[in-house]
Structure formats: structure tokens, C-alpha cells
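Per-chain numbering from 1; labels A, B, C and D assigned in written order.
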Amino acid sequence: MCRWAAYSGADVFLEDIISIPAHSLIAQSQKAAECKTATNGDGFGIAWYGQRPEPGLYRDVYPAWSDCNLRALVRQVKSGLFLAHVRASTGSATSRNNCHPFTAGRWSFMHNGQVGGFEKFRRHADMCIPDELYEHRKGATDSEVLFLLALQQGLDADPKTALERAVARMEALSRARGATPHMRLSVAMSDGERLYAARYSSDSVAPSVYYRWSSSMGGWAVVSEPLEQTGEAWNELKPGAFLTLTGDGAEIEPFQPFLE
Amino acid sequence: MCRWAAYSGADVFLEDIISIPAHSLIAQSQKAAECKTATNGDGFGIAWYGQRPEPGLYRDVYPAWSDCNLRALVRQVKSGLFLAHVRASTGSATSRNNCHPFTAGRWSFMHNGQVGGFEKFRRHADMCIPDELYEHRKGATDSEVLFLLALQQGLDADPKTALERAVARMEALSRARGATPHMRLSVAMSDGERLYAARYSSDSVAPSVYYRWSSSMGGWAVVSEPLEQTGEAWNELKPGAFLTLTGDGAEIEPFQPFLE
Amino acid sequence: MCRWAAYSGADVFLEDIISIPAHSLIAQSQKAAECKTATNGDGFGIAWYGQRPEPGLYRDVYPAWSDCNLRALVRQVKSGLFLAHVRASTGSATSRNNCHPFTAGRWSFMHNGQVGGFEKFRRHADMCIPDELYEHRKGATDSEVLFLLALQQGLDADPKTALERAVARMEALSRARGATPHMRLSVAMSDGERLYAARYSSDSVAPSVYYRWSSSMGGWAVVSEPLEQTGEAWNELKPGAFLTLTGDGAEIEPFQPFLE
Amino acid sequence: MCRWAAYSGADVFLEDIISIPAHSLIAQSQKAAECKTATNGDGFGIAWYGQRPEPGLYRDVYPAWSDCNLRALVRQVKSGLFLAHVRASTGSATSRNNCHPFTAGRWSFMHNGQVGGFEKFRRHADMCIPDELYEHRKGATDSEVLFLLALQQGLDADPKTALERAVARMEALSRARGATPHMRLSVAMSDGERLYAARYSSDSVAPSVYYRWSSSMGGWAVVSEPLEQTGEAWNELKPGAFLTLTGDGAEIEPFQPFLE
């Protein structure tokens, strides 16, 4: 299990989300509240959009709480659209390529959750990645496969449907060759224009997702757990929901993975 | 605060202390029981004696729980005398040179504790290190200064007295320029022949130290907290005590830092 | 291109091969002589056999020339059978999982060479790895695939034939989907008992391999280039040859990859 | 010896200096042309000014040529004032705290050169750093001391004089306790407003410094060696000269270290 936070709106310093709030993502790396693993010390990453269509990417294998480069970077860089993640490994190695977010072209993607028994069918999952996307298969996580399958299924044309199909394929692999829980998912992703999030599980336990409009920042935050543990209200994204955040507001749709 | 474990006796695989016991040092890096900070993820180190008078040294900045090199090393290497440490930084950077154990010639040294307000008098502490030992001042921790002052005070000739004098000097610096608590100390150190430990504090709170003869391994273990949380009894080293472990047994003497 | 060195014989300190000789492997990491890339600074690794059937493994992403842990380790550890490697990446990331040697069970394996156009057919190569070995596919290199294919082809039963078959499969993939040169190979590998090396290429340029009995150490060294650039003679392993080193001597056989 | 490059002018992507030119700083990390050590693989760093008075700082211990974070960062970040450095250690450890640039408040500072016999008088140099700046003494390099002494001597009020005095003090320490060459210096530094460089040596061999106005970028570059090895002319900064680059142009003054 991991923790993540994302933002879309007026430009802010990354630290306004990542390190300044009382229960910031960096604080959560040491003491998460709504997570099976309180410590998320197996690496971290940030993807941020600036003056190019593609995001910048900074990932490393150290605990987020002690990385002086991360502190300096989020203090200096401003962005109106970014994703950030702190990792608690559920088995795969602590390496940069296993840290979220993952990126390809304009897309960035991060995940908290589980695909039950993934190690048993990792080869079969890898084989589902098409030739033309295999160069982006750099690590060994289930999350990276999920991202690449979603790209294959047409993230550019229809993000929600593409992610539903990708999740359905992975869930089917887990049912065929893996273990329970077959799919627990909380995803945030962006194409550099809009910020998307999804929450879903194949059983009754879906990883938490919250979102909120911040009038002080002039933007939307979407997080795996609230950045402050008191005060201004956070909205819970319900299981089986897909969230699209734009300048015009928040749109919620049902999220229903299905196999064609 | 940090956690440490040391061993002296018949050759064992390092993992017999460091990773195999139920509450092994690696387990403690994630969930320590008797420590202010449950997570000790700011680096680790091992110093072990083999066929040379000087110890081998392996230190790195990753959490001990995820380092595959550490796992492989402690599984492969046997030793009859070694020190191991997992670190929770109290301020100084996560860098190899700030990881324990520290070594110089035949000596190895590790510490858990506090020298109150050290950052305020770090320069004055550095000034106390003599020219001929300054090449060993590689990091920025209070613990490394303590070790070098003890070397200066004659660790080779009389380990207990040398450490008492070094502790007294650091405690005096903290009283003059630092903050409370002036000295909380649990040290383990070795010259490659014997294993020593000390427990002391300038107030009423001394970091815990336990030791035990293991008949299954044929050696002494001395630790900051027991490696199993049930079963065979561990002896508590009392505050103000200095422990010497040799093939002949355990000797306990009073530990009374004093300024000459 | 990379540099490697291996040893089999009486126990010696690893440094006797890795850092002490005038043109030691660590010296070669900065200034190799017979290599397209003089600098081999993209990580390193050592696998050594001791009191267990499986080797110890220490790999890291730093240049070998500056890693203090490597220096300390090879100074302290003795072994009668070990492999060591310094890496110059030909494309895949600098990560621990892409560093040689690779290990699985009792086997260790390292490689210098090229499989032309590998990135174009990496997915197809991964597909050739059987389910039961896929847990060992941790990185993204051609060399790791080669090792796993050799395991599949029966390294335990017949090392030479298994490696020939694995090389033939990879060469065929390169001919079908890759680029020239299809296969340039210099391998060293061990099962913990014997040390093997192979030299081969699909064109006229096979990476160099040398070997020598050292009477001072009482063992065989096999290397990608000599550890001293003058003095005692090194034997060149000819292209298309497979070398087996045991206590009884050196045996050379033809090495002829073929597709069944 | 190391390589560095700095820029002041209209906002450009950092990569326009650091990785895109044919003989970019990253190219120089592998194959420098005017440097005693062609390989500068012992870490790197960048300091860049943005929307805060203090610079951002990113330093790491890997070779610059293979660090994917560095590549992504310099591709994404724009700045009108930045310093970048690739390191070849002359003895002190490869650690983040020993990588250039160094920063304190608004200042950033980087250096290529030598202070002869520094290790022999490191303690004496450290003792010259005043209490109030000692918190910034994080590593063990001569360059960091030089920077802190310059701050003490009044970098804010008069950069040239402050640096002259700091250099004079270090040169005097080297004459008293060190070795030849007592001082070889090429420095670049900034207060977030202007970019300064200095070139000097106590003997006849001063490390090279070049500078140039780029009309395509609309700014000044100052470098330890040209970023292209042909084409548009670079101006050599003469030994014993101090360069100030502002929007109005380049000013050159004599640089004459002296002891008060």
C-alpha cells in the first residue's frame, strides 16, 4: 500500500501539497493514518507539468521524509498540474523503475492498491503489453502493467473506458492465476490537461480517495488521505467512481471494469 | 534514536542476529518496541571481524528492511565478533558517513542516544578532535566525535576510562553550549578482541541495553532491545554500567564519566 | 561493453583480484585497455561462494572506483570461487537489477558483449523465459535473459550445451527482429563447484577472454583483460571456445551455438 | 578536477546548457577535453534560481551521464540564472554533501581546482569557519570551506574582495601546513542577481574559464571548457581575473588574493 496526492489548478509550489500541510504527503510517508502500512518509505516520485506537453519526472529510492533533493525541488518548482507518490512495497524491489508515477508521452499515472497474486502471473501480464509499448516496461510492478494496458486500450481517446478495460484484464488474470483480493485500486492520472482519479475494488475494501476544492490555492487536490486531519471538509470518492477534474469543476461517473 | 545489536562468540552467520530472529535488528528497523521512534529507516551499518585485525564495514543510506545487498551479505558472511546498527536520524543528514558503526584501525563503535543541542556546539566539538585523528572525522554526527574523543583518551589502553572521559567532555560541552538532555548514551564497541557496551545518562532516562549468553550460538549478544519478545531471559544492563564480554564471561563495572 | 574477472582455487581475499593488481578490475572500471568503452562506471557486482551452496551477492549502481563499501568488502572477504563485474551500459538503465552477476540458486553468471537490437525484441525474449524462472527476471538486460534461457536449457546437467542453446536462441531472435552484430559474447559462470567461461561471436569480433594459473594464489583467474599489463603470461581463450576450470586443470572444448 | 557551466540571461531550459550542446556538461562528465581527468563521474549538482530569492538545489552521487532524474529535470525546468557542476573527486568521499554547488541563503557557489595538501590542514580550515556559519559545513571538501570563508568575508557587500580574502586565507593555510600547488582556482557563484566567476592560481597553472554571449539564448554562459568545440568564439578569462555578468554586460577586474 502507498500514499499519493495530486493537484490541478492555479500554479502553486509543489511543497504546498507535498510537504507543507500538517498531514502532507511527506508526513504520510512516516505516519499514514488510513493505510495498512503506516510507513511508506520504499521510494517516492513526482511528475509535474510545466512548459512542455510531457511531464517532468523525479523518482528515487530513499524514504521521502529524508531526501534533501525532494525537499529542495518541491520548494522551488511551481506547477498547475502534478502527481506525487510515496511507496510501501508489497514485494517488488526498491528501485527507481518501480517507483510511481509512471510516464509515457504526455501521460502520468500512479496507483495505490493490489492485484492479488501478481507475482504468479507477472509473465502473463507482461505478455499482454503490446510490442510498441514494451519499451516503457522498465520495472516489475503490477501498477506499471496496468498503466501500459490502459494506454493500449486508448487512454487518449477515452480515459475512463481505457482504464476500465485495463483493470478488467488485470482482474481476470488475477482470477485465473492469482489470489484474492483480485483488484483493489485507487489511481490518479493525467494527460497534461485534466486530472483523473478512480476508486474500485473486486471485493468490499476499496482504497480510500478524497478530493477537495481549495479556494486559497485556486485548484483541486485529490489524495489517498486528507492533507489535514481537521478543518475544511474533504469529499470522499465512492468505490466504483471515476473523477475528472478540470477548470470547470469535478465530474463523477461510474467506474465499471468489464471484459469485452 | 537508533537500534543496534552486537555479538561475540563462536562464528555465526550475521543473519543469525541481524535478520532471522523474530524481533531481529531488521525487524526493529520497521517496528522497534522500546524506542521513541518506531521506524529506524535512515541508513544502517555492519562492522565485522574476520581474518584481519581490522573490521570489514558495510554502511548504506537505505532502510535496512529493503536492502537486498544487506540481506545477501548477512546470509553469506560468518563472524565471531560483529556490530550492527539501524539509524533514525535526529537531525544530521542521511549519508553513509553518518551511519554507524564508525571504525578506525582495529576499533569499531556504535551509539544510540543524544547529546543535547549538539548542532549548536558542533564546531566546538570538532575542535576537540586532535589533528592526528581528524582524517577520521568524515561525517557530522555527535556519535563520531564521541568515538574520536574516546580514541584520543586511550581506548587501546583502558576502554572504560577512555570512554568515560570522552563522554564527560561531550556532556560538558552540552552543559556549556547545548541543551537538555545533556547526555543519553548506549554504546557498543570492539577492538577486535573483546566486545564492550556502556549505558549512561545525565538525567534519569538512559537508553536501554540488554545482553544474553546464547548456548545455541555459543556466544554473547548485546542489544538495544531483545531480539525475541518472549522466551529466554535477557539481562538488563543498568544505567551507569560498563560491560565487557569475553570468552570467559561478562564483567560489569560502574561507568562514571568525569572531567579530569 | 563491460569488464569482468573470476577466480577459482585456494581461498584468497577478493581484493587480490579485484583491487590490488596494477590493472585490477577496479582500475579497469576507470581505464580499460581492450574495451570499446574505457570507462566502466555504470555499476558493479560480485558473487562469491563461501560456506553455503548459494553465492553471496553484492551489486550497486555506483562506479566501482569510488564505492567505499566495495573496497571494504573485498578487503575483508575470502573466497575460493568468485565472479566480479564492472558495467558500461549499452542502453538499459543503471539499476541494481541490471548489474551483473546474476544469480539463481547455486548459479552465478556474468557477461560482456552485445545482442544486436535487443531493445527491439526484448518482449519476445522475455516471452521465451518459462513461467517457473520468471521470478528471476528482475531487470531489463539481454544478459539476464541469456542466463535464464541457459538455466531452462539445463545448466545443471550440461553447462556447455545449455549455454550453446541459449545463445543460439538469442542469436536467432536478433537475426529475426534485431540488428547486427547479432551475438558477441564473453561469459563467466559457476555452479559453486567449477568455473566456466565462453567466448563467441556471430561475426569476426569476439570480446576478449584470458586465463592463467597463478602459483602464488594457487588458483585460476579468468578475465576479460589481463590484471597486469606486463609479466607472467596470460592465455587467450580463442573465439568459439568453452573453458572449464577445476582443481584438476583447465579443459577447453569447442563452443558452437545451434538451434535444435 | 571537475567541470562546470553557468548561465545568466533570458529564461532557457537547463538542458540548453547542460545536456543539449555537442560538448555539453553531461558530455564532459564522460569525456572532458581540457581537464586532467577526462572522466568526471563522482557526482553532480545544479543550483537554479526561479521565483524565490534562494536557489533550488539538486545534487547526487551518480555519474551525470546516466542519471535519469537529472535528464528529466533539466529538460523540464527553465531558469534565467543557474550553476551546474560535474565532479571528479581528488580524495574526499563521493557523497551528496561533497557535491557542488554549495548554497547558503541566496548564494550558490561552485569550484574547480585544488588547495594543495588540504587533508593535512582540514581541521585548521574548519576552525576558521565562524560559529554562525558552521551549520553550513556539511561535507569535507576544501571548496565548501572556501565558500563559507567568503561568506564570512562579506560576499553580500563586495563579492570580489570577499572571495580574494577567502582565497588568501586558504592559500596561507596551504603554505603553512599543506603542499604545492597551494591554490588553483576557477570559481562561479551567484547571489541570485548577478553571476560571478574568478580564475587564479598561486603558480603558473590556472584552471581554464571561458565565457560567451549567446544571442540565440539571450544570455551569458561561463564554463570551465567550451560547450562546442568548434564555431562561435568563446572568450578566455585570463588568470588573475574576476568576471561579473549582468544584463548590462560583462565586467572584468583584477583578482588579487591578499591577507589583511
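Going forward, a contact is a pair of C-beta atoms (placed from the backbone, for glycine too) under 8 Å apart; a residue touches a chain by one contact, two chains touch by 3 or more.
These are the chains along with the protein names UniProt gives them: A, B, C, D = Amidohydrolase EgtC.
None of these values were measured; they are calculated from a predicted model.
Listed here as common contacts of chain A and chain C: B, D. Steps from chain A to chain D, minimised over paths through touching chains, total 1.
The pairing of chain C with chain D is characterised as same-residue: of all residue numbers used at this interface, over half are used by both copies.
Two chain pairs, A-B and B-C, are compared here, and B-C has more C-beta pairs in contact (counted per touch definition above). Chains compared, chain B against chain D: the Cα-based superposition rotates one onto the other by 180 degrees, nearest 5. Chain C has its Cα centroid 39 Å from the Cα centroid of chain B. Under the contact definition stated at the top, the residues of chain C that touch 2 or more other chains are 68, 93, 96.
Put simply, chain A touches chain B in their complex at residues 30, 39, 41-42, 61-63, 66-68, 89, 93-94.
Only residues 93, 95-97, 119, 122-123, 126-127, 129, 131, 134-135, 137-138, 140 of chain C touch chain A when the two sit together in their complex.
Of all residues in chain B, only 48, 50-52, 55-60, 68-69, 72-73, 75-78, 96 touch chain C in the complex they form.
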